[in-house]
Each structure stands twice: as C-alpha cells, then as structure tokens.
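Pasting the structures here.
Both of the next two complexes hold chain A, though its partner changes from chain B to chain C.
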Partner chain A sequence: MDDAVIRDYIGRELVRDPAVLPLDNSTPLLDSGVLDSLSLLRLVLFIQDQFGIVMDDLDVIPEHFADVDAICTYLRSRPDYEAAGSREDARA
Partner chain B sequence: MAYLLQDLLSDSARRRPDGVAVDAEDRSLTYAELERLSDQLARALRSRGVQRGDRVGILAPKAAASVIAVFAALKSGACYVPLDPASPDERLELIIADSEIAVLLAGHATAARAVGIVGSAPRRGRASRPASHSQRGSAPERRSVIVVDPRPGPRDAPLSPPDDLGSGTEVVTWSATLAEHGDALPATGAADTDLAYILYTSGSTGVPKGVMISHRASLTFVDWAASCAELEERDRVCSPAPLHFDLSVFDIFASCSAAATMVVLPPRTSMFPVRLAEWIQQQRISVWYSVPSILTLLATHGKLSRFDLSRLRALIFAGEVFPAKYLTMLLGQLPDARFLNWYGPTETNVCSWYELPRGTSSLTAPVPIGKACANVDAFAVTDDGHRVSATGQQGELFVSGPGLMSGYWGQPEKTREALVANPLADAPAELVYRTGDMVSLDVEGNFLFLGRRDGMVKTRGYRVELGEVESVLYEHPAVSEAAVLPVPDELLGNRLRAVICAERQPSREDLLAHCRRRLPAYMVPDTVEFSDTLPKTSTGKVDRVLLGSR
Partner chain C sequence: MRVPETEAKRESRLRAPDAEQAIGTAEQWELRRGGRLAYWGVIAPLAARLPAKLSYQVACAWGDLTFRLLPDRDADLAHLRHLRELLGDGILPEDVERFARDFWRFRACEVMDLMRLRGRARPLAKLVEIRGKEHLAGALEQGRGAILCSAHFGSYLGTFSLIHAAGFPLTNIGRWDWNYRSSLSSLERRFWDLAYARRVLRHRQRPNLEPWKGRNQVAVQAAAALRKNEVVTLCSDPAPLAADRSRAVEAPFLGRRAMLVPGVVTLAKLTGAPLLMAFAHRQDDYRHQVLEISPPVPLDDDADSVFRRCVAAMDAAIRANPRDWYFWFQRDELEGLGLLAAPTAEGRT
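What follows is the complex of A and B.
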C-alpha cells in the first residue's frame, strides 16, 4: 500500500526520464539516475509529510533509497511510522 | 621546447615517483604508474594514427582510468574532448561528428556504449574549421574505441571482437594496449598554442559550442590556481566536477603540478550530505573545489559537527552565486578553513577571485567575484564605452590575457562575437573576451556579479542557453510555441520551467522524453506547463517578464 503511494509520487513528480516507467519496487532509484540531490530532498519531504515521521539527516543514506523496497524497509524500522492503511483505519 | 600540461606529470613523476597521484575507487596510481600507463596508452593512440592536432574523445566518469586517458591523449599530441556519460547518445554522436573524433577512450562501464555511439555518429564534421590549428582535412574514415581499465589484473570488457561489429569500428582491449611495444614516445612537435582540450557547452541556437583551450591558456590557470590554493605535496584535493566541466582542470592538473594527490569522489556520494561529510573526513581531504550547491547541502544537512574536518583547509567554490545565508552557516561550521570564490566562464578559465577575510563569521550580501588573477586583465565597460572605475558603477565584464580560449570549434562567427577588439579607446590592439556578465565595483575595488545580459542561465553550476532548450522543444512535431524560463532556486541556482503551446497536446512524459534524447540531464526542463497562447511584447517577442510573473 505504502509502496504504491511512494511509487506513484516518484513516477509523477520526480522521474525525468520516462524510459524508467513504470516503476516497480526494485527499480534502482540511484543507479538509474531517478534521484539526484534535488529530487532526493523532495522525496524526503514527501515521506516525512506522508508518513508523519521526521527523518534525521543521518538516515539520508544510499542504503535507504536504493529502491522503493529499501524505503519501505526503512519506514517499517521507524517506531513513529504510521502506515497509510492504519491512518485510514483511524480516520474511519 | 614548449612546456605542456603533460610536462607537469613528467616533472612530478621524476620528483615524487612513489607519491600517490590519483586515489580513486577503481584504482590508486602513483606518479610513476600514471606516467608509465599514460605513456603506454599514448603509444596505442599513436599506433592508431593519432597525431598532433587530432581530437581524442573520452567517455568515462572521473576515475583513475579517465586520468590516464587525459594524459595519454595529450602525450599523443592530440587534445581531449570529454563526453558526458550522462548526456544522451544523440548529443554525444553530434559532438563526435562535430569534433571529428577518430579514437574514443572509454572506461570499463562505458565501453559498450562507446562502441555503439562511435558506430552511429555521422561521418561528417562541419565544413568550416579554423585554419589556425593544425587539423587534418577530412573526417576520419575509421574509428577506434580503446578500453581503459587499470584495475589490478586486467579484466577486459566483454565486447564482441572487432570483426563482429561490421561498422568499421576497431575495439582495443586494455590488455592489448599494455602489450604494445615500450619504446620511448616519439616527440609530437606540439606547441603551447596547440589545443589541450575542447569543452562543449550549451549554445543559444541549439548547437553545442566547443570551447577550445590551449596548453598555454590552461597552464596560465593551473599555475595561478596551484599557487592561490597553496597546494603542496601532502594535499589531498577533491572536486566532484566531471571531466566535461572545467572545474575538473583544477583537481587533475593543479594537483599534478604540486605533486599532490587528486582524490576521486565515488559516484553519487555528493547526494548524501552525511556520507559526503564522512567521506571527506575519512579521505582527509584538504582542498575542496565545487559548485556552491553541494556546499549548501553540506552546511544544511551534513551534520558537520559530528565529523573531524580539521584537515579541510581550503574550500573553493565557483560556477554560481553562493547564497550568503548558507555560506554563513558553513563559515560557522568550518571556522579555520580558507574560503575562496573563483569566477570565470569556460572561455577564460578562472579570471577573478576573492578570498573571504579570515575570521569572517557572517555575510549579508553575496560574495564578490573579486579581482583579476595573475596574468589576466578583467575590466568592466559601461554602456557608453568607458572603463568602470568608480564604486557602484556598472558595466559588462571583459577579460584579456593568455588564459583565453582559442575560439569555438568550427564556429568562426561565434568566435568573432565572443573574442572582440578591446572596446576601450586607449586600449592596445588585442582580442578580449566579452563575458555577457554585468558587474559593478565595490569600495575595495572588487567586482560584484549582477546578472546576465542575455538568455543564459546557470543551473546546478552548468550554463544553459534558454534558446537551446527552446529550439529542442520546437523540434517536437506537436509544439507550436515554446518558452523556457528560469525559476530562481536557492540550491540549484535556477530550475527550468517550460511553457508550451501545442496543437494536439502531447503528454508531459512525451515532451520530456523528447528532451532527454537530445539534451544533457541538466538542460531538461524541471517543469512543463501547457498554455493556449504565450504573451507577446509590442515587437512580437515572447514577453518573458509577463510570463515569468504568471
């Protein structure tokens, strides 16, 4: 679910080379050049906003941004992470 | 005999043979090794017919392999033409054809791509080429790709053997290069006015311009730069700039002139500020040279207080205005380092500089671009033709001296527009470079950068002619009108915003894909908007001011 939200954001807002579309969870984001300094900053802001976390600068490392799976693994490791599904449950 | 850029290497190899010349992920090289391997590769170039005045292409990321390639090209008597691996094939093929490259040097990872583009590049260069340089008359019939891969134990790139290619392209493996006869290199007879490299930059009419830099022009900068940065043998120098960006001339050649160590930043490290800070600490970098945006990220997200960066004694930035706010942050985090602002278009090398006074703790205005470097005259001329001499007076900056480019490759008209007669009444009869940059003078006699005269903007430290991006957009069959506007961005300098009128509206993805095929990544618009019409001025031109305010 969250992987779809992240994929959708990257595909819609950050991808400058449509050849990498459609993205899947293991599309390399760094080796393929999808992320550069600026789009990485935007992605960090989106993730913080979307999942209610504050990402420490020390966590902005290549291991956490290799692909969408890596981002999700990082998110699940965060104690303050709210999955998109659980937020919707709370609203209902 | 003329002193040439490669003599810097030979001198340092004699003086400090076991000193580390290049420290990179693919391999570290001592000065003796760099000298020997570049000699070896130069022999391979010579035996493929490369001679004085030729162009040798380099398609490789910055690495030990590409430094060997740079020196080998020079030792063969040729100049090198760096090709940006991040540019689309179509643009690289255009540059290969334009500069009539017969031999392309590639790294392990770029070898297969090099073979592809060398095979598809058109065979004809431009009809008119400057006669002042010793260039052979006809476009090369046969082209070669030499794979440079100095990793320990040669592992030749998996490429089809030459006879399978059927395109007239010869592929030479690294082990074959190492097996060439080891006789002394024959003298090339090169003069210091021969070209050392051609750097392609954005051109306003849609065709990239090849800035031709001679050995003499480059050495004028290199000698000054090594002395200004006070480079010594123990220095570890890093610049993340790729080979096709003229900032790389500093870490390759100025480090070499001081027998210091050039340290190559691993790819993408600069995207992750904390990793970059950690890397600078681990690698004991003492001199750093980059565009300001990387330093801004380091200041805002690098957590510098956690790292020991006490060896970093000089930070040099160029290419864009460093926002005062972020420079102030960095000054607070690295209070003991020197901070230097270098200024100069590719056409002039660095031509002016400013050092922040020691102990500067905060800035409220942009850093000056300073005063002219050694052997350079930089002067500003008012609209009515007088030299700017009083504080606050404004004018366009002109540059003269031995550091100037020789011209634009194959574009004599563009060259005549840029290298002009000195416009001052009492000036000697000499050619000066017209920068297109508007400046004023501060109370201490430093130049302050005010802006551009024309449609050139900077993004990510690179020059972009808005007209070049627009002309690519116009090539798209559905586009009837296009305007590209700079949107100021604190980090990037500018982002590019394209506004399009189209008969049958293409998708944003389609337009971006079209741009990606023709332009390097930094020139592809960051945003695309569609509009029914573009606002016009009374003269019928696109009203950029009005469009920019929407």
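What follows is the complex of A and C.
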C-alpha cells in the first residue's frame, strides 16, 4: 500500500516527462531524472507528512531513493515509521 | 534565446576549461595562471596586512596589470561593447575600456576582501556597511531560517562572511569551480582550497552545498539548515545546467528575455523560509562597500511571478552598479542566459 501511495505521488506531482509513466516500483528515479534536487525535497516533505517521520538530511542518500522499492525498504527500517493506512486510521 | 550548443560548451568548460585558451597563446595563459597563483598565494595575503587604503591600492594595481595582460583583451573589449545594448544608455562606447579596467580592479579587490577575513573578520567588517540587518533578524524570528538570494555580484562571498561573523549562522549553496575543472592538478586544487575556500569556510556554518548532476540531496540539505533557523545563500543569475533547463523561467533581465532557474523561490515555498534579496556593491574608493539586505519578498504569488520579482531586483542591482557583476567577461554565461548571441559556425557574432 505504501508503495502505491508513493508511486502515485511521484507520478502525479513530480514527473515532468510523461514518457516515464506509468511508474513501477523498480523504475529508476534518480538515474532517469525523475527526481532532481528540488523534487527530491518535495518527496521527502511528502513522506514525512504521510508517514509521520522526521528524516535527517544524512539519510537522503541515493541508495534510499533509487526507486520506489528502495524508499519503502528504507521507511520500513525506521523505528518511527507508521504505515500510511495505520496513520490514517489514527487520524480517523 | 539559448541554444543547446552553448549549454554543452558551458558544461564542457567547467569540466575542461582549457577550451577557453583558444584565444591567446599558451605562454600568455601560463603567465596569467602563474600571476593568479602569485597574487592569491603571496601578494594579496601580504598586502592585506597593510592599512586598508594601501591594501586596496595594491589590489587596484594588480587589477590594472591583469587587464593589460589579458590574452584576449581585444576580443573582450569588443564583446563589452554589447554592454551599451544590454544596459541602454548605461555606458558609452568610449567608457568601455575604463569599465573593463575597473572590472578587473574590482575582482582584485574582492580577493583582498577575502584576505581581510582573518580572525573575526574585523579588518573587512570595518569597511562594509550592512544595511537591512534588521530585516534578516526579523525573518529569523519566525524560526524557519532565511534565504538570501543574490547574484554573482560584488564581494558576495566576503560580505556574506560578515553576516555569519555578526552571529547569523550561514551556509552557501554554490560550487568551488576548481573542483569541477579536470585540467587542474590535485596540487592546484589543494592550493585553491587553502587560499580561497579555507578563508571563506571559516565564516560558514557548514561546507558549501554544491549542486551538480547526480547530487540530488542539495535542496534537502538546505532545508535541513533552514529547519535549524540558519541562513542559506544562493546566487540565482547563472545560466541553467542541462538538467535544470526544463525548470528555467523566462524573465526580463538586462534588456533581454533571459532563462533562469527559480529554485530559490521553490525552496522558500517548500520550506516556508522567508526570502530576502542581498547585494553588496563597492564604493568609488575601492575599499568601502555597502551590503543591502531587502525586506522579505512576498511569496503569496505563484513561483514564476515571485521569481521574476527576484530577477527584477538582480537587474536593478546590476544596472545601478554594473562593474560589480562577474559575468561581463564570461561570454558563455551571457550566451547561456540568452543575453548574448551564441557564436555561429562562421565565428562569434
């Protein structure tokens, strides 16, 4: 579910070249130019808001943002991570 | 407007700037290179210990010498005649040579400024009047940091150091260009690290955030600094790199429609940090300067419109003090911005 939320956000808000759509979980985000410096910041702010975490800038390394799978793996490794669904449940 | 060849050339210059040496002999360029090393390594550090008036007289003499020994001086003077077209009636053709001489004097004085950053930067601080510091202090009261938008204009590295020395933790987004020049030896890079970067970084909160292809974390790092209520500075006047071209915005600039990247506004909008304009200009005595910090730029409009207001502020600063702008002698930057026609197959236009 988290991967769908992230993939949907990237596809909707960050992709400038429609040729890369539709995205899948292994579409390279950095190498293909989908994410540049400012769109990566947008994505980080979205993830912080969506999953209730505060990301240190030292965590923003290419390995964590190479593709959607890598982002999800990184998120699940964090102790303060809340899945998108559980966070929405809590809000409700 | 911009042409792809110009951009490719600019990036190739950054990677292999020896391409610049197409004009002038190899001996002329070696002399110039040796001269720069001598000035930065020996002459300026020693002269900076003298009383300010003498220090800057030495700098002006060095600027005059640099101007006289320019390998491509005639071509540069011919190119500078475009100034009149760019600036309207701001400069007359007969003033071009004087303008060019002053340009090189200013560049030599900026080196002297950096040499006077020793200690708590008092030797430079007593020569610089900072106007609008209260705007910066007020912006930081919101707790979201502050962004100072400037241009490659005046002694921006030296005067921004004074802001840090005055108690506002400051970090710069910008590249040390010697790290991107494949033609430089590691020894030369080390020299510039010691002679240049070390002096500036003494008055920075953290090392420069250096944007480049594949270095995607720069905006996140800047946001982290802002979150700690620090000041982040950025020059918004360079021609966009290839990777940033699709984000560039067309804006009126020096009488033309230039292409510039509105990243500074996007960063401000994403982080909520107030955005202020800051420009330092040198007085006619060469040693005194004024750094002016504006009130926060209203961010309630769309990003492109806000950025055009920032470009208008840069335009006004350059028109008011044209000798302070770095890019007059960088034809590839002017071409990249769309201010100067790119060279054709038959030669430069």
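The definition used in the following text is that the second predicted complex is superposed on the first by the 87 of 92 C-alpha atoms of A that agree within 3 Å, B and C clash if a C-alpha of one lies under 4 Å from a C-alpha of the other, contacts with A are read in each partner's own complex, and residues count from 1 in each chain.
In this section, a contact is a pair of C-beta atoms (placed from the backbone, for glycine too) under 8 Å apart; a residue touches a chain by one contact, two chains touch by 3 or more.
All of these numbers come straight from a predicted model, not from anything done at the bench.
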| item | value |
| --- | --- |
| Touched partner set for A:16, first chain B, second chain C, both or neither | both |
| Which superposed partner A:61 touches (first chain B, second chain C, both, neither) | both |
| Touching partner for A:42 - first (chain B), second (chain C), both, neither | second |
| First (chain B), second (chain C), both or neither touched by A:30 | both |
| Those residues of chain A which chain B touches in one complex and chain C touches in the other | 16, 30, 33, 35-38, 40-41, 57, 60-62 |
| Footprint of chain A on chain C - complex, ascending | 211, 214-221, 223-224, 243-244, 246-247, 263, 266-267, 270 |
| Of all residues in chain A, those that touch chain B in their complex | 16-19, 21, 30, 33, 35-38, 40-41, 57-58, 60-62 |
| Chain A partner contacts - residues on chain B that touch it in the complex | 86, 268, 270-275, 293-294, 297, 301-303, 491-492, 509-510, 512-513, 516, 521, 524, 526 |
| Interface residues, chain A side, partner chain C - complex | 16, 30, 33, 35-38, 40-42, 44-45, 55-57, 60-62, 65 |
